Each structure stands twice: as C-alpha cells, then as structure tokens.
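There are two complexes below, and they share chain A, which is joined by chain B in the first and by chain C in the second.
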Partner chain A sequence: MLTQIAYALPFLAQGFALTLWVSLLVVVFSLIAGVIMGVGLVYGPIPLQWAVRIFSDTIRGIPILVLIFFVYYGLPAVGLHLPSFWAAVLALTLFKTAQVVEYLRGAVGSIPRGQSEAAMAIGLTFRQRLAYVIFPQAFRRFLPPWINGVTDAVKGSALVSLLGITDLMQAINQVIGRTYEAMPLYVLGALIYFAVNYALSLASRRLERRFSFIRE
Partner chain B sequence: MGYALNFNLIWRHFDKLWGGLLLSLELAVISIAIGIVIGLVLAVWYVSAGRIVRTIIAAYVEFIRNVPLILLVYLVFYGLPTVVDIAYSAPTSFVVTLSLYSGAYLVEVFRSGLEAVPRGQLDAGKAIGLTPWQRLLNVRLPTMLRITLPALSNTFISLFKDTSIASVISVPELTYGAQWINFNTFRIVEVYLVVTAMYLVTGYILLFALRLVERRFRAAR
Partner chain C sequence: MSTSSTNIPALLDVTDVSKSFGTVQVLRSVSLRVARGEVVTVIGPSGSGKTTLLRCVNFLESYDSGSIRIDGKEVGFRETGARQRRGERDLAAMRAETGMVFQSFNLFPHLTAAGNIMLGLTKVRGKSRAEARTIADHWLGRVGLAHKADSLPAELSGGQQQRVGIARAVAMGPKILLLDEITSALDPELVGEVLEVVRSLAEDGMTMVMVTHEMAFARDASSRIIFMADGGVSAAGPPSEILAADTDNERLRTFLARFRASHF
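Take a look at the complex of A and B:
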C-alpha cells in the first residue's frame, strides 16, 4: 500500500501544483476585478452601484458548482470557446470577485466619513483621497478577511476536478482508480488541503490581532 | 449570435428540477438539524472542558473548515466503507457529511454565542437558586440561541447552496437535475438560467423568512 502511494507521489505533486496555480490566478484576477468593482459600488454613480450589487448578490446567491457548470457548458453554446482550464478559472474568479467586492465595501465603509470630508476640505482630488487617506486605513480592515477568504479559492479549486482538470482532487481520484486505496489517499489529500488552508487562516488571525488596535 | 433560447424542453422535464429543489431543501434541513445537535453538544462541552477535550474539538472544527467539501463527500462515500463495515446510500452518506460539516461551523457559532451571554444573567440565575443544569437550560441556552440566530440562518442558507455538491455522488438534487437536462437535451443556457433563478429565489425566500423569525426573537439589548 505504502509503495503504491509513494509511487503516485510525483503525480499528486503535479496535481497539487495545478491546484496552487489555479488558486493563485483566481486570487490575483479577483483582487483586481473586485477592488475596481468595489470602488464602483461605494463611489460610483447609482446605475453602476446597482449593476455591481446585482452582480454580487447573484453570484453569491448560487452554488459555485452551478456557476462552474454554467460557464463551462454555457460559453461554448453561445459561441465562446475557452479551454476548460480557463473556463474554470473564469468561473472561480467570478465567485471570488463577488467576495472581494464585499470585503472592500466593508473595509471602506468602516472608515469614518470625517476622513473623507477632511481630505476634501484640504483640496485632495478623488484619486488622492483614495490613495492617501481611505485605502491606507481600509487596508488594515481588508487584509485579514481577504487572506482568510483565499482558503475559499483553494477549496473551490477542488471543483475544477469535475471538468476533467487534473488538480490535486482529480489526481487523488485517478490514483484511487488504479490502486483502490481510497481511504489513505483521501486522508492524504485532506491533510494537504488542510496544511495550506490552515496556514492561511492562522496568518489571517495573526494579522487581525496585530491590527486590532484600531477602534471604531 | 447563433443561439436561440428555447425553454420548451426545460418545462417538459421541470419535474426533475422541482423534485431536485425539494430534495436539496430536505438535505439541508436534515443536515442542519443534526448539525445543530452536534454544535450545541460540542460547544457546551468545549466551554466547560479541560485542555485535551478542547484540543480535540478544535481539531475537528479546523479540519472540517479547511478541507474542500467535495473531498469530504468523497471521503465519506467512497473512503469510509473501505475501512469500516458500513453501507449506506448516496443521500444518507451526503447527509452524514453535511451534518458533520455544518456541525463544525456551528460549534464556532454557538461557542462565541455562549461567551456573549452576559455574566449578570448567570449570576442572577445562581442568585435565585437555579441548579447548574437549570442555569444552562433555562438561562444560558435560550439567550445564546437568540444571539446566534442570524449566524444560524446564514449557515442554513449556505448549506442549502452546498447541497449542490451532492450531485457528484449522483444524489438527484437540483444541480444533478440541471446536469441531467444539460446532457439529455443540450438546452444548456436555458437550464442553467432556470436553475440559477431557482437557487436565487429559494435563497431569498429563505433569507426573508428567517429575517422575520430573527426579528421576532431578537435578543434584547
């Protein structure tokens, strides 16, 4: 049993690398899209606010799995042919973007109005207000939940196995298909996911404690 | 654009989706009921236990929270029966998984709820001569439940969405119904539009109903 699993380790490592790669892409893309949309939600004109609100509430209201299937099977049907890998990344990014939008809204919303007004009073432009006054303060509120939310990207990435992408989850299933060692391999997989995500949540908790000197 | 929407085939097979939605709700309700029991017992035990028990409970919580649900579903359905002599159907296995899963989240919810019960209430209970057991049952738990109600309804709604994972072990819930129609009729965009709407509408009805319940039982401030 152990020799079989040891034999499969390089293959599992490849799957794990793909899991990390998918998660990294999703985290980076969703951070960019989420911050832009979040700023639109807080400061944009009313129609833009509505658009972002509807986007975020719709995405957060349906299961990620449905979102993944919708993007994966739906895009080719309307004539957009993405490789399955990018379809999966797109779907997970949509899901994660909605989360980032909410983190940003919460973080920016927690900065007292007076800060914005004071910045306006000394003649800072909108961009300067965001860059020098709002974001440096909001950052400390944004970071801990955002890092904790990265675990959702890692966990969500396990669903791409259903599109035939050989991530860690799919690699485990394939090794089980050959060796019939279901339990040890699932436990091994669980421990790998756990190690990554637990490290992230510890980091999040530590940061939260570090930033906790800021009071309401 | 070369795609014309045609919902006829969706309505013809709508029973698959409707039945699936009911099964999704059923799975979520049973799982949260068991999850509440697990969460309550472990949370009460946690706050009064020594270091070893606390470590074990915390390990369970952290393990479940940091592993993808789909892996837990596979582990319980395909993995466990290979080492323990049990046999269960896919829906039962999924309920077991989702109960353990929601239990882990609810331990955290209830634990922080228990800590949020004002000390004065427990002292008052002691002052009027309630036994420790009565204080727990008649003072601590009711107050804690009121405090944790919003977190409890959020957990329920997210469990309802998590039931979609049951489709990977062929439990015929809503996402499975969508997949079935997808593969058998190829009305891909239509079926996912309908299913998205079904998840959203059900989710928001649940949210609205639970907010009403919360308002009725809101903790006095």
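Take a look at the complex of A and C:
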C-alpha cells in the first residue's frame, strides 16, 4: 500500500502545485479588484457605490459551486469561451472579490472621520490620504478576515476539480481510482490542506502582532 | 485694530458666505476680514455656526454661496467660469496654505510625534526625510516636547497630543492657523500648556482664527472678537468692547451672562 502511494507522490505534488497556483491567482486578483472596488464603495460617487453594492450582494448571494458552473457553462452561451482553468479562476476570483470589498469597507469604515480631515488639512491628496493615513490604520482590521478568506480560497480551490482540472483534490481522486486506498489518501490530502492553512494562520497572527501598536 | 480697514488687503476675506445642512441654515451671509498678524476669536453659543465657518475656511465643508479668499485666492472654487469645485490636487494645495488644529487632536496614531509632523513636510512640501526631521524637531522644541519626538500619540497626555497637533499645523508654514475649540477635550489642568503655545505663536505674528470657550484667553490674546448667533455675525470688535458686561447687544449680553454663571 505504502509503496503504491509513494509511487503516486510526484503526481500528487503536481496537483498540489496547481492548487497553490490557482489559490495564488485568485488571492492576488481578488485583492486588487476588491480593494479598488471597496474604495469605490466607500468614497466613490453614488452611482459607483450602487454598482459595487449590487455586484457584491449578487455574488455573495450565489453558492460558489453555481458560480463556477455558470462561468464555465453559462458564459459560452454569450460567446465567451474560457478554458476550464481560467473559468475556474475567474469564478473563484469573483467570489473572493465580493468578500474583499466587504472586508475593506469594514476596515476603512472603522477609521474615525477626523483622520481624513486631519490629512486633508495638511494638504494631502486623496491617494496620499489613503496611502499614508487610512490604509496603514485599516490594515490591522483588514488582515484577520482577509487571511481567513485566503484559507477559504485554498480550500475552495478544491472545487476546480469539478471542471476536470487536476488540482490536489482531483489528483487524489485519480490515485484512489487506481489504488483503491481511499482512507489513507484522503487523510494525506486533508493533512496537506491543513498544513497550508495552518501556516497561513500562524503568519497572520505574527503580522497582527506587528501592527498591534495602533490603538483601538 | 477694531475694524480691519478696507485699504489694507485682508489675508482672509470671507464675503457673504451662506450654508445650509438640509433645511437648517447654519451660516447666514457671514462676512469676515482678517489682516495679516491678527488673532481673531469667534465665540457664540453652540449651534451658532462658528465651527462650520472655520471648516469652510479650509474647505473641509463646502458652502452654498459667497466667497472665501486667502491672500486673494478663492479657496474651494475655481477662479474662472461657473462656480465649480477645485480639483483634488488643486484643493490639496490650497489646504496646505492653512493650518488646522482640531478639538479631538486627530493625530495619526500609527506615526510618532515627529512622524505626524514630517508627513506633510515630505509628501506635500517635498522635503527630504532629514530636512523634515530637522523642522519637526524644531517645532517639537517650540511646544516643549523635544523629548517626545519618538513617542506614539497613545503614549502622550491630551495636552501633549494637542501641542503636537499645533506643531504639525504650523510646521507646514501656513499663512493662517485655524484653531477649533482646541482645549475643549482637555482636562482643566492641561489647558494652560496648550494656550501658552498659542500665545507664543500669536506673539510671533502668526495669523489665527480660533473658536474657543476660554473667554479669559480670548480677551488677552485676541485683537478682535466675533460673536456669532444663529449662523450670523451678531457683534464684532475689540475684546474690551465685546466682553463688556453692559453691551447693548442683548443676545451677546445673555450669552456672556450665562457663560459667567456657568464658570464661576
């Protein structure tokens, strides 16, 4: 049994690499899109606020599985054909972006108005106020839910196996198909996912401590 | 000094400014001229519009009509064409010409005392960190906090925080300093140290407009006092005239009587 699993390890490693790659893309894209849209939601003109609000509420109201199938099977109907890999990344990114928007809104909203005013009073432009006054303070509040969201993204990436993408989950299923050793392989899979997410949690706690000087 | 005569160009020129929050009119055609080096104190009951007026001067609040000029330049609106708000960069540059000190200090909690002062100097004035630090140290010395340069705001007392707030504003080299009830959030024993700093700036010739409830300080430090009521200027003149107990202005008399009653 062990030799069979050992034999499958390189294949599992490939699947694991793909899981990490999908997670990384989703986390990076959703962070960029979510922060930009979140700033639009907090500071933008009313029509923009509405647009972001509708986007976020809609996406958050759809189960992620439905979203994945919608992007993969639904978008071709309107002429947009995405390879399964990118369809999966897009669906997961949309889902995560809506969450990042809310984390950002909460974090920025917790900064007292006087901070913006003091920054305006010394002549900082909007971007400078965000970069040097608002974001550094909002960061500590943004971080815990966001890291939580990152671990969710790693776990959620297992859903891409449903589009036939050979990520860690799919690789495990295929090895089980050949070896019929379901239990040890699922345990191994669970341990790998856990190891990644536990490492992320530890890193998060470290970061939080580094930024704990900011008063409540 | 009682009435800034019109042939001296005013540093701050507020003309007919009106503003409403919804259906409530908070400023009614307010006009005010402040000459260079003058210290003008605005007093009045709460809700009289004094803080709003101050916030309009550096355009933290917009206003519906009228004009506010500093050194001849319209603060919040474009000079030419239809009444249109200045662009973001333009507005930021105009605001850098006024300093403001807030009731609740509003220091940046993630930056040290020196860091609070250096931010505007490096990002707005384009100074190097070393230059900015030198200026920050100079002003921290002026407000008696040279030894607290590397302390975070949370490690300072209220009075110390407010003195950093003043240093942050004046370090930018503003043409005019706006002080919005800067001692109202302080414990009584900390008020003196802050007012002492303001007094020394006044002696240096810093032009100031302040809203305050410290009548004794207003009497000693200001060249002129403006009494506001219901969003308008109800009385204006030298301290001796405005703070006299037998003034003809009934609202002012009531305000002063109430004030005396609550403070003694």
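As a working rule, the second predicted complex is superposed on the first by the 205 of 216 C-alpha atoms of A that agree within 3 Å, B and C clash if a C-alpha of one lies under 4 Å from a C-alpha of the other, contacts with A are read in each partner's own complex, and residues count from 1 in each chain.
Quick note on the criterion: contacts are C-beta pairs under 8 Å (C-beta built on N, C-alpha and C of every residue); 3 or more make two chains touch, one makes a residue touch a chain.
As the structure is a prediction and not an experimental result, all values here were calculated from the model.
Enquirer: Quick one: chain B and chain C on chain A, clash or fit?
Expert: Here chain B and chain C can both sit on chain A without a clash.
Enquirer: So, A:Met169: does it touch chain B (first), chain C (second), both, or neither?
Expert: In the superposition, A:Met169 contacts chain B only.
Enquirer: Should A:Ser161 be classified as contacting the first partner (chain B), the second (chain C), both, or neither?
Expert: Only chain B is touched by A:Ser161; chain C is not.
Enquirer: Looking at the overlay, does A:Gln115 come into contact with chain B only (first), chain C only (second), both, or neither?
Expert: After superposing on A, A:Gln115 lies in contact with chain C but is clear of chain B.
Enquirer: In the combined three-chain superposition, what is the angle centred on chain A between chain B and chain C, taking C-alpha centres, to the nearest 10 degrees?
Expert: Superposed on A, the angle at chain A reads 110 degrees.
Enquirer: In the overlay, answer first, second, both or neither for which of chain B and chain C A:Val187 touches.
Expert: first
Enquirer: In the superposed model, does chain B or chain C contact more residues of chain A?
Expert: Looking at chain B versus chain C, the one contacting more residues of chain A is B.
Enquirer: Now for A:Gln137: first (chain B), second (chain C), both, or neither, which partner does it touch?
Expert: Only chain C is touched by A:Gln137; chain B is not.
Enquirer: So, A:Gly74: does it touch chain B (first), chain C (second), both, or neither?
Expert: After superposition on chain A, A:Gly74 lies in contact with chain B alone.
Enquirer: If we overlay the two complexes on their shared chain A, which of chain B and chain C does A:Ala13 touch? Say first, second, both or neither.
Expert: neither
Enquirer: Superposed on chain A, how close does chain B come to chain C by Cα atoms? Whole Å, please.
Expert: 28
Enquirer: Which residues of chain C touch chain A once you look at their complex with the stated criterion?
Expert: Touch list, chain C to chain A: 58, 60, 88-89, 92-93, 95-100, 102, 104, 106-110, 119-120, 123-124, 152-154, 168-169, 172.
Enquirer: For a test of understanding, state which residues of chain B touch chain A in their complex under the given definition.
Expert: Those residues of chain B that touch chain A are 1-3, 62-63, 65-72, 74-75, 78-80, 82-83, 161-165, 167-168, 175, 178-179, 182, 186, 188-189, 192, 195-196, 199-200, 203-204.
Enquirer: What residues of chain A sit close enough to touch chain B in their complex?
Expert: Interface residues on the chain A side: 58, 61-63, 65-66, 69-70, 73-74, 77-79, 151, 154-159, 161-162, 169, 172-173, 176, 180, 182-183, 186-187, 189-190, 193-194, 197-198, 201.
Enquirer: Note which residues of chain A are touching chain C in the complex, please.
Expert: So the residues of chain A touching chain C come out as 112, 114-115, 117-126, 128, 132-133, 136-137, 213-215.
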